[in-house]
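I've put the structures underneath this note.
Paired with subunit B in one complex and with subunit C in the other, subunit A is shared by the two complexes that follow.
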Partner chain A sequence: MTPPLQTTQATDGRAPSWVSARQRGQEAPKGSIPSWFYPVAATGTVVGLWWALTAVGIWSELILPSPSQVWHAFVQSVTEHDGRPGLSGYYLWEHLWASLWRIVRGVAWALVVGAPLGLALGLWRPFERFAGPIVSFLRSLPPLGYFSLLIIWFGIDDTSKVWLLFLAAFAPISLSVAAGVASTRIERINASLVLGANNAQVVRYVVLPSVVPDLITGLRVAVGFAWTTIVAAETSNGIPGIGGLAWATKKELRSDVAILCVIVIGITAVLLDYGIRQFEKKYAGWYGRW
Partner chain B sequence: MTQQHDEGTVERHLGRAIAVHDVTHEYISDAGPVVALEGINVEIPGGEFTVLLGPSGCGKSTLLELIAGLRIPTSGILTIGDARIVGPSRHRGLVFQQSSSLLPWLSVEDNVALGLRINGMPKDERKKRIAEELERVHLSDFAQHRVTELSGGMQQRCQIARALAVDPEVLLLDEPFGALDALTRESLQAEIRRIWQETGRTFVFVTHSVEEAVLLGSRVLVMSPRPGRVIHDQELPFAHAREPITEVRADPTFVNQCHELRAMIGAH
Partner chain C sequence: MKKKTLAKIGIFTAAAALAVVSAACGSNDDSSNAGESTGLPEKIVIGYQNIPNGDLVVKHDGLLEEAFGDAVSVEWKLFDSGGSVNEAILAGAIDIGLVGSSPASRGISSGIEYQIPWIFDVIGKAEALAAKSGINSIADLKGKTVATPFASTSHYSLLAALEDAGLSESDVKVIDSEPDAILAAWQQGDIDAAYVWNPVLAKLTADGGKVLISSEDLSKKGKTTYDLAVVTTSFATKYPAALQTWLNQQNAAVTKIREDVDGAAASIAAELNIPAADAKKQLSELIFLNASEQAGAEYLGGGLARNLFAAAEFNLKLGKIESVKEEAAYNAAILTTYASAAK
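== the complex of A and B ==
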């Protein structure tokens, strides 16, 4: 006898609403709300609320500047006025680029040192036991905790900031690569062994490509971490720099510039992450499907 | 890693016998040591299609991995010809049950090329070999595809092509069709029978399907679990058959043979 059908669950092929059309292997139904609607609506809501709050005038403009004041600050930041460029002596893009360039150097060094270190950690057990705790310790430190030390060693210029970013970024990269080595599928290693591979060939043909997705994940974490760190690190001698600009506003009570900086910092973080995700799709698209 | 290639330096002639002498193999599980194989003595003659048949847990895959050299037995020795098996070698190819043993970041042809690259075959020669092997398993039209885009049956064909590309003396197959649907499975059974008949290589094939064993094997070793032992050893008549698999399946001798083997496994 067949058991009675469970009748409490819908059996007509309708999935619960949180199951996306893509998961069900369907096209989004025609005439449905386009995907750009939601982020645009969210931004509109926030800006609208902000505008309404300032229009009512509960708080002074010094505490909560209006959207139009922030827009004005933006215009100031990209133009020359009173014979001086932008804000704090630099245009907005110069501030942003100064911060990004620090990130690029710090993370590049972190990749150069961190990825091989991660491989060594993953491939060589005694080394993992020896150096693993040190890397984990470094990873658990808030970078600003050792920033003073770096300033004492390397001065207040860019060198100490790049060192800071390097130290912040290399641990996540190393640990991610090491985890990737450890999770290399054993049947792929065995497959190369029975084809005659020696240890070096196993690493070259199986382990290195297997680790690429983990490397990119580590890079993503590292860039995110470095970005939050640099903005905070630019509080000392950080001009030009978007964090330095944000910090400098407190002296002149430029809350409009502070909000502008927050927006720029946030958008940059989202774009950086998006860029790395696109990179991941291109070079590690196979990952997760198997 | 250097000594594992020793047996390759022995002059190669097709069909050396594989011998398993007094092999016992234990491994450590969470619940303590498990005896996977106990007192195995088996001779696998060259050129035969030997099937290792038994229920799960009987150690048949472990025995295959020992022959592949991917495991070293707790005691006893394995030999091929007069060389001792001390590690993996390209002379003993392996087709895995999991198609995830293919490299998902590579195309079908690059997967087939893996062993050829490892063994340093020049590019022109490599291209020719790949084309031949893809032709043999009917994947020529899919050479450029990612292996993740293939169906389960095609992935197993790709594995077979990859293993055969380096021209191994022995092909070991570990439940290669275990994860496939019944129809795909039947077509691949016909393929592997044809490939064995064409190449005349030594095949060692692990399965838990009695029908598959009787259909493909020129010989079957029946194994029983806990601890893994060989309980029966006999020759089988259908490996050289040329008629379609469906006809073999309908043959009364085939049906009887399956029935007998199944009864014997049940009696244990």
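== the complex of A and C ==
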């Protein structure tokens, strides 16, 4: 690891308050607020506000269900009641897993297709001029706009949903990888050429490792895109599915279930992103350290 | 250091709370503000749907605008389903809207404050269960896939038809799909049957679909479905005169459908961008009632409330809704006085 810059020495120890201790190269002072305090405080503030608003009773429970109602919906979603499992006939984890499985397949295909495509875009200028606009075009399309086409082509089972998630996910991966190739430091390429590497070796030993962090950034963006698309993908035959469940609440006036879905999707997305970041730390930890 | 930060957090939280609460109060205003002296609102916001009934005749012929003159401005907003209309009413965005009896029953059961002054139509052959060739009865659907838009009148009718044929929901794979997706899935061969409305229903039957049962047949078995008008309780209490004027125009539209069906079909065809002949055919698949018929005991006078209550109990039994209100709540949600007083 490079030694942290001791900028504070040059500025007589003065630093604006928004410059973090990490940037200033200091360890957090002992006895200050522990790091877990902030997420806990944020959650507490939101739930507290939510509870207070429902307690005041400005809105009816249909418009803003109380925390206890949402808790009740959660309990319903994981238990059997009146002889029926969960909500809309499936338990919450079945809904969540169905959606996750669709996202995993969509993003996996996006990786398989998008990463090589991005590499080609970055390495080969004529191809970039040819295919770059197509990728940008696909990226800018709103999923609901073309989903009915996918249904006509691929039916209302999982195939059309995985296609939709694939289309949402592959552009960010391609574009990140292409950007990664473009930003490979020329000194490193020159150095390897001086050492006698041929073009293939430059790509294999210099460009590919440099691109990995960008690939992971693209993957994070892609997974985020896939999550924002999941409700659209599950409007038709989307049960089981967490997006399908959220869509059903719109018709069934279950605001409590809608909030439950929002919370579950939010937590899952954050955990997934955390997982990818851990993976990045472990396998692409050299980023920014050469 | 710690104290200072905590104090900052406290101030920030209080400011955020204040912002949210004041926003809440701001959005609580009614969409139509009072011209109390005249007893008429300045503006009426109407949520309509593209269903070939009198509402589209009223809209296309400008009957409301004519009746109210310059005193009241009328705003028409298009919705694609009763669920969206329910949401818009909850949000205070519309005064009068069109919902099917299934969403209306759900709305009353979950406590939306609105009332029903008018029946746009009784659903006849316009909604039906169409199946692929080779399926000749509802019992043949066992193990097959049937699509319908969930929470709609069609969904309710499908469940009623299955129960009537002695099938439980687990015998058939019932999936949720919007009408346009139903058509695509039908052509793909993903589904074996669908309970849906026009124009998709007409396309399914043109493509070889066989009608196993229609909402008209189910009506004879006591499972009638309707397209209903809902008016927010606050609007009905504040502006009874405006509501009466609105209802009189609906009654005039029904008269036009009965006496000048070609003229009515032409108006509807213009609104839906379809040929007038198609509009005329679709009109014939709905049943229209004028104000005096509606006021009778079979409809607003009692039958409709019993129907909505029974629909709610049926949905509760199948686990489609959470709770049912006492029968009095469904009676209280029906307004008969306006239909009785209609001119």
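Definition applied: the second predicted complex is superposed on the first by the 275 of 290 C-alpha atoms of A that agree within 3 Å, B and C clash if a C-alpha of one lies under 4 Å from a C-alpha of the other, contacts with A are read in each partner's own complex, and residues count from 1 in each chain.
Convention: contacts are C-beta pairs under 8 Å (C-beta built on N, C-alpha and C of every residue); 3 or more make two chains touch, one makes a residue touch a chain.
Source: prediction; values computed, not measured.
Undergrad: Kindly classify A:P209 by the partners it touches after superposition: subunit B alone (first), subunit C alone (second), both, or neither?
TA: After superposition on chain A, A:P209 lies in contact with subunit B alone.
Undergrad: Once the shared chain is lined up, is A:N199 touching subunit B (first), subunit C (second), both, or neither of them?
TA: Only subunit B is touched by A:N199; subunit C is not.
Undergrad: Looking at the overlay, does A:S60 come into contact with subunit B only (first), subunit C only (second), both, or neither?
TA: The second partner, subunit C, only.
Undergrad: Quick check for you: in the superposed arrangement, does A:A191 touch first (subunit B), second (subunit C), both or neither?
TA: Touch partner of A:A191: subunit B, not subunit C.
Undergrad: Tell me which partner A:L49 touches in the superposition: subunit B (first), subunit C (second), both or neither.
TA: second
Undergrad: Per the contact definition in the header, classify A:K251: touching subunit B only (first), subunit C only (second), both, or neither.
TA: second
Undergrad: Which subunit A residues contact subunit B in one complex and subunit C in the other?
TA: Shared contact residues on subunit A: none.
Undergrad: Can you check the complex and tell me which residues of subunit A touch subunit B?
TA: The contact residues of subunit A facing subunit B are 185, 187-188, 190-199, 201, 205-206, 209, 212, 284, 286-287, 289-290.
Undergrad: With touch defined as at the start, can you tell me which subunit C residues reach subunit A in the complex?
TA: Residues 1-2, 5, 9, 13, 16-17, 20-21, 24-25, 28, 81, 83-84, 86-87, 90-91, 103, 106-107, 110-112, 147, 149-152, 175-178, 180-181, 184-185, 187-191, 319-322 of subunit C touch subunit A in their complex.
Undergrad: Flag every residue of subunit B that touches subunit A in the complex, lowest number first.
TA: Residues 1, 5, 68-70, 87-90, 92-94, 96, 98, 100-106, 114-115, 117-119, 146, 148, 162-163, 166.
Undergrad: Which residues of subunit A touch subunit C in the complex?
TA: 31-33, 41, 45, 49, 52-53, 56, 58-63, 82, 84, 148, 151-152, 154-157, 235-239, 244, 247-248, 250-254
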